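Would you mind keeping the following structure in view while I ask a few things?
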């Protein structure tokens, strides 16, 4: 108890200073309706879990995506955006479609990582249904294998606009 | 010729005629005629009861009807309360029965016959008449006669369906034995009492009460208490109740659970407050209070983890009788402590809860009966999704469940509020005993309220909402109109009691005040119930109607706000969120068993549930599970500990007895002869 | 100090003792139980100090200081040391009666204490008299802990609770209990602690653990 | 003038409850070394949810659709009648401790029914756990109420608060301290905070409250979230005014009310910050350890009653 308190006192703030707000770029205008609050549901469509690690880091204390109004949620009903990682395998194509169905409008899809953007190095591999854009409409692409947490945070900030 | 006389006369006449009609009218019209007759009987009794509550009283004597004693009836306010309750219940149940008795009853298979048989239809009115006669009986003999009549008729009705279900027979046996033992206890108590009085009339008993020694008075109270308590289904004399209620036809269950058990409370109140007067000792009432608390918690625990629809309602009856006895015991306790105003308040709370319980239990049992009749299933785990096929019944049960779970705007909330107020204000008045008992009583009431919420969330949510778990539940449809009307009557009563208890409370309050010899405990101020403390100061107030209105306004506000702020997007239907997998089947829903599982684990030390899990594997590998089957039984521990030894003893006696019966006639005659001589010798010796 | 304020504070300190007694049943972590025991020592010392100031008796003041040093300083320190010595799998109390039941029992014991002590309260109506039942309840709770705990250490705590309660009762009933008695009590406590220490170390030497149940092994 | 009180209380509770949640999240974030989204975030979430499309899942009935409204309604009624900024309540006969508690329980029950109504496994799971906790919380709550109302001789909230105002020394008595301790545990359990329930969990199997509302989306979800925050601030406000009533107005005087609002805000904010800070040090209890927690607070309530009689 006391030890933890001392640790908290000693550590202080670990979050990095916020970089400048990136230009909106490719994101559609639907984003305006969200007005600085984006609930995110993460879908692993067949990833190697590299991107998951980076997403975890992006929502960790250092990069702190929370501070820009993005939050991970448990149910697609509560979500505004889907973060999809990995190539879409055959088994995950239908679940991905259903998850997209479950989200209420306005909804956005973010493809995180090369595999999600364009199948990356799994292109043509057996059991791959295609990239995310082949299954559900994609609004924002965050390339990289895996993308740096900073890049993910930057992408999310384009959605929240903060 | 006052309203009272008229009501009683009509009730008696209509009742007897209905009984005849049950015998004579052909099958096609039988249930209709009997149902209508019952409704008229009930309405008349209701009016008579109300008239009696408002102060009118009357006496009737049928001098030497029987060789030993005549019949003596007196209608006073206290009796009026129970007349009115029984009458009201009878109206609803009578109308309900028209359609219900035509149907297959609670039979598992949908085969026809049984409930509209001549016997059942003729006994039903007699049962009602007996229940109406008990509270107005004014002499020991009359009371015992009516009591026995009530017991027998109810027994016949309980076993009405014994041809269909073997379980009925054993339930009937339990009920017969316990109710007869109860009668014996009452007989002992009252005859000891009458032995000290000039004759068996209640007036004589009242006169004799002050002359009783404390020991005798205690004997009378305890003996009669055992008898009446067993009728009220009080732990540990409750064993028959959760057996008989589920097995009886639902209209009979409603009558028993909403009207008959009340008479147990009547007996305790009549003997304890009226006949024995103020000779009561504090420990009597603490005993009543303690047993009440025990029954309340025990009953609701069994209900909270039970899955048999009607058995669950029966257990909840035990719980409510327990709450009522907490009120009665508290009233007596305050009375012995000298604070009569509080005593009146506690008794008023008990009587009001009695009325409320009658209303919502009628509603619950009738709607449960419709469900069981429509689906042939009585296990909550096999129901569900009824709100599509049976919307009216669902609504009815919803109203009843709200009333039963003591939440506003429900009926029981008001009475439990009164009860808690009485307990809380009792603390300063009753010394150390009170300081130790009352907090525990409040805790018991509170725990009961909490578990009641869990119980009825389970019963309503699992039983009526979500997806149907069996094809029968999926294809269930509403019964005939008369059943819906019957439920409607009970439902209207529930709503009225919930919204405007201010209409009945003053009368009940004055009855309670008169019973304990104090003024009115409650004052009605507009829509508000005000508690009158000592020195007539207001010590608490509640307005159910205002509360409900406030809730409505709040809902409208919320709706308006949501409409105003939300952007107009058309709502979209979507499949349930199944985590992207296949569609959810009904087998993935929570069942009643799984819903109650946490509670059952929390109270495992008390309940000692027995589980068995059998897992069957595929032959290929024992790591691949084929099926998992989980079963849970919750044995009644009190029965295990208390009844089984007694039963074993009785069985042993029986075995011993068979040695005497060899079958030779001479020996049997010999037994008689020896006994006779023995008695004569005894006579000689003692004289 | 005004009478009413004295009553308030006395009720407060005694109430604190009762609360800490309940907490020892409530919490499982032995380390936090020891902390609570220390707090109870402080509450006890405060009670004594209150009475001392109220009656202006110097020796009661000394008693208060002694109580503070012993009950809030030395004993918790000893206990913490034994806890540290005990293995990591000795950090939680494993009561014979589950926590919920023992809490309810504690409630019952408190009511019992109040019921029993009524004549006493009636005897002297001073605030100290009013506070006696609470102290009695502390003693009973301590006894209950002593009965129902498995580990030697938590039993030790139970014994010390019992002792705290007895001390409180003593001081509340006869204010001029005097230095000697308190010294005596403290001495025997120290003695008991040392004895139990030795016993514990012996047990551990013999069985490698201090689970009282295993004393049955000595039976044959 | 009591009309003014009601309006002010409603406005304050509705407007500031989400900010309370935001503040608590902010405190937590800062203690974790984060920056935090700012205390306005809950309002941003609500605004966004209001703009989203409502969804009616297949097979859900009217129960599911009306539950959020009833839930909010119960909170609004309590906010209107409870003595938050003034002891002069408009609906005095409703401002009764039992009535208030029963109303908040009613809200929980409707949500539990909605959870069952969806027919999903998670809905039933959440409902089952929630009702279990409610059933166990009830005794503690009512016994604590008992302890509070015995010295006053009434369960009317206004009367209790007024009595404490009249005799401030009561606050330091064992009765109110024990009752306060009991109530704190109860409030933690009722509002689904750590260690009873983890409001920020993403794992369905560890959910209690969240699991019941997994199917809600858009405006319905907004109502549920708003109601949850209102429950929390109502409980904290009641706690604050029952034990530290200073600053509350006794009549309908606009000036006093104007002073009472900031006092209430400060008290509730302080309690909220304390709660949030404490949560950093706590881990969620197993569901079957929760009864131990509640039994402890029940015993405290019982001791409070005993004290209220024997130390009187």
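Order as written gives the chain letters A, B, C and D; numbering starts at 1 within each chain.
FYI, a residue touches a chain if its C-beta (ideal position, glycine included) is under 8 Å from a C-beta of that chain, and two chains touch if they have at least 3 such contacts.
Just so we're clear, the structure is a prediction, and the values are computed from it rather than from any experiment.
Asks: Weigh A-D against A-B on C-beta contact pairs and write down the one with more.
Replies: A-D
Asks: What is the chain whose Cα centroid lies farthest from the Cα centroid of subunit B?
Replies: Here the answer is chain A, farthest from subunit B.
Asks: Just curious, how far off is subunit D from subunit A if you go by their C-alpha centres, in Å?
Replies: 34
Asks: Roughly how many whole angstrom separate the Cα centroids of subunit A and subunit B?
Replies: 59
Asks: What is the distance in Å between the mean C-alpha positions of subunit C and subunit D?
Replies: Centre-to-centre distance between subunit C and subunit D: 36 Å.
Asks: What parts of subunit C, by residue number, touch at least two of the other chains?
Replies: Subunit C, residues with two or more chain partners: 111, 114.
Asks: What are the residues of subunit A that contact at least two other chains?
Replies: Within subunit A, residues 75, 77, 104-105 contact more than one other chain.
Asks: Would you pick out the residues of subunit B that each touch at least 2 other chains?
Replies: 435, 569, 572, 574-575, 577-578
Asks: Can you name every pair of chains that touch?
Replies: In this structure, the chains touch in these pairs: A-B, A-D, B-C, B-D, C-D.
Asks: Show me the residue ranges of subunit D that touch subunit A in the complex, using the header's touch definition.
Replies: Of all residues in subunit D, those touching subunit A are 29-38, 41, 44-45, 47-48, 51-55, 201-204, 207, 210, 214-218, 221, 280-281.
Asks: Please name which positions on subunit B make contact with subunit C in the complex.
Replies: Of all residues in subunit B, those touching subunit C are 432, 435-436, 605.
Asks: Flag every residue of subunit B that touches subunit D in the complex, lowest number first.
Replies: Spelled out, the residues of subunit B in touch with subunit D are 304, 387-388, 405-408, 413, 417, 420-421, 424-425, 427-428, 435, 439-440, 442-443, 445-447, 449-451, 453-454, 457-458, 460-462, 465-467, 527-529, 533, 539-543, 546-547, 550-552, 554-555, 557-559, 562, 565-567, 569-578, 584, 586, 588-590, 594-599, 601-602.
Asks: Okay, in this complex, where on subunit B does subunit A touch?
Replies: Residue positions touching the partner: 569, 572, 574-575, 577-581.
Asks: Which stretch or stretches of subunit C touch subunit D in the complex?
Replies: Counting only subunit C, the residues touching subunit D are 4, 8, 11-12, 14-15, 18-19, 22-23, 26, 99-100, 103-104, 106-107, 110-111, 114, 121, 130-131, 133.
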